[in-house]
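For reference, chains read A, B, C, D, E and F in written order, and residue numbers begin at 1 within each chain.
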Amino acid sequence: MTDVPTIPLVPGNTLITPTPEEGRALALMLARHSVHAMQKQLEVLTNGRAQYSHDPYGLIAASHVVATEFATIAAANNYWKTPSEL
Amino acid sequence: MTDVPTIPLVPGNTLITPTPEEGRALALMLARHSVHAMQKQLEVLTNGRAQYSHDPYGLIAASHVVATEFATIAAANNYWKTPSEL
Amino acid sequence: MTDVPTIPLVPGNTLITPTPEEGRALALMLARHSVHAMQKQLEVLTNGRAQYSHDPYGLIAASHVVATEFATIAAANNYWKTPSEL
Amino acid sequence: MTDVPTIPLVPGNTLITPTPEEGRALALMLARHSVHAMQKQLEVLTNGRAQYSHDPYGLIAASHVVATEFATIAAANNYWKTPSEL
Amino acid sequence: MTDVPTIPLVPGNTLITPTPEEGRALALMLARHSVHAMQKQLEVLTNGRAQYSHDPYGLIAASHVVATEFATIAAANNYWKTPSEL
Amino acid sequence: MTDVPTIPLVPGNTLITPTPEEGRALALMLARHSVHAMQKQLEVLTNGRAQYSHDPYGLIAASHVVATEFATIAAANNYWKTPSEL
């Protein structure tokens, strides 16, 4: 079995991103890195990905985690509101 | 297998929408685009959609993701409150 | 197959309601209209409703979506607090 | 089949309660009344209750809905903080 | 069948606790007391506990309820921030 | 059967952490310590971990709990915003 490299839980150690798109990408990464913190074996992760990513219920459950992470990141960035949108 | 085109995670790269209706539409898109970011193969997505959209539990789970995304977008837009509603 | 009529995602295009009761009714509608946005076929919706509404787990999952939508609507209406309750 | 009487979605049409205990009771009622709004037949509700209330997974899922409703009610009541706790 | 004694939904009828540790303990109690409010029979509760507490999916689902309750309690206590942390 | 040592629910009895990375680690610990509070037997925990950590649905459900805990911790730390990011 091969272990995935130990990666930071929070890439860049900040929740602040320039744009919503980068905030969304961070949300996906946070969710993925949580899983890697709980399961380090690459073969298990690869098999698991093949399974859930071909199952709509797995994709829906995973997208719910991303939505929860994004809510936190969006609040952290004050929803990327421009001065005129405040 | 055909890959769906790479699409932005956050269409328009903003959470700010003129109305709740457009905010709701954005919530649906965010949820869908999360799934596309995790699964790019059109055939897998099409089969998955046929499956969950004909199953009440799949539709309920997906609507829960939309509700979570909408909570974020609504807060971002200060609930589209008009000056008199503030 | 019959398609349900295209209905707005957010009836009245506002989250502001006069009372909590109407806010709760809006939460139920938002949840339902999400499902209709994902599945337009009346026969599928009718069968699905017969299924989940006769299954406690389906009803619990659906009520969880309503609770999530209501949290957003209640915050939008500042919890319908009267001036003396602020 | 007997229909449960039509009951308000939000008993008392307010989220404001004198104490956390009453706020918690309201959360339980909101969750229950959502279910009654989706399923009016007493026999179906009674069978469903017998089922989920004898299954730990059903009780956990239902308690998750109560927790979500309570979060909204607690925020509505500013967490029942006394002046000294503000 | 033996009924568990009727216990308050919110022990102490307050969400305010001196420390995060006590706030976390309260979150566990709120979740448990919700279940007791929905199922009073001790034998059913004991069997159910034996079941979910020996199943990782049951423990994960239950810990999700605790996390949701804790979010409310932490907000109620302004995250137990000391004056210097405000 | 061996019991895990009784450990605090909230390590350090504070939600305040210097960085997002440490906040994320705390979220993982809070989720894990909830489970230990509900199930003390090491053998049961070890078997359960082997099960859910080799199942993508278990890992997704667990990561959803971490996301919920992290939302609380991030809010507690005002999203670790530096003065210039406020």
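Everything that follows uses one rule, which is that a contact is a pair of C-beta atoms (placed from the backbone, for glycine too) under 8 Å apart; a residue touches a chain by one contact, two chains touch by 3 or more.
Note that the structure is predicted; figures quoted are calculated from it, not measured.
The minimum number of touch steps separating chain A from chain D is 3.
Of all residue numbers used at the contact between chain E and chain F, under half are used by both chains, marking a mostly different-residue interface. Chain D and chain E carry the same sequence, and matching their CA atoms takes a turn of 60 degrees, rounded to a multiple of 5.
Centroids built from CA atoms put chain C at 28 Å from chain A. Chain B and chain C have Cα centroids separated by 16 Å.
Our note on geometry: chain C versus chain F, Cα centroid distance of 32 Å, whole angstroms.
The set of chain F residues that touch two or more partner chains comprises 61-62, 64, 68, 71, 75.
With chains as nodes and touching pairs as edges, the resulting graph is a single ring in which every chain has exactly two contacts.
Each chain touches its two ring neighbours, and walking from chain B in the direction of chain C yields B, C, D, E, F, A.
Chain D makes touch with chain E in their complex at residues 19-21, 23-25, 28, 53-57, 59-64, 66-68, 70-71, 74-75, 79-81, 85. Chain B meets chain A in the complex at residues 8-10, 13-16, 30-31, 34-35, 37-39, 44, 48-49, 51-52, 58, 61-62, 64-65, 68-69, 71-72, 75-76.
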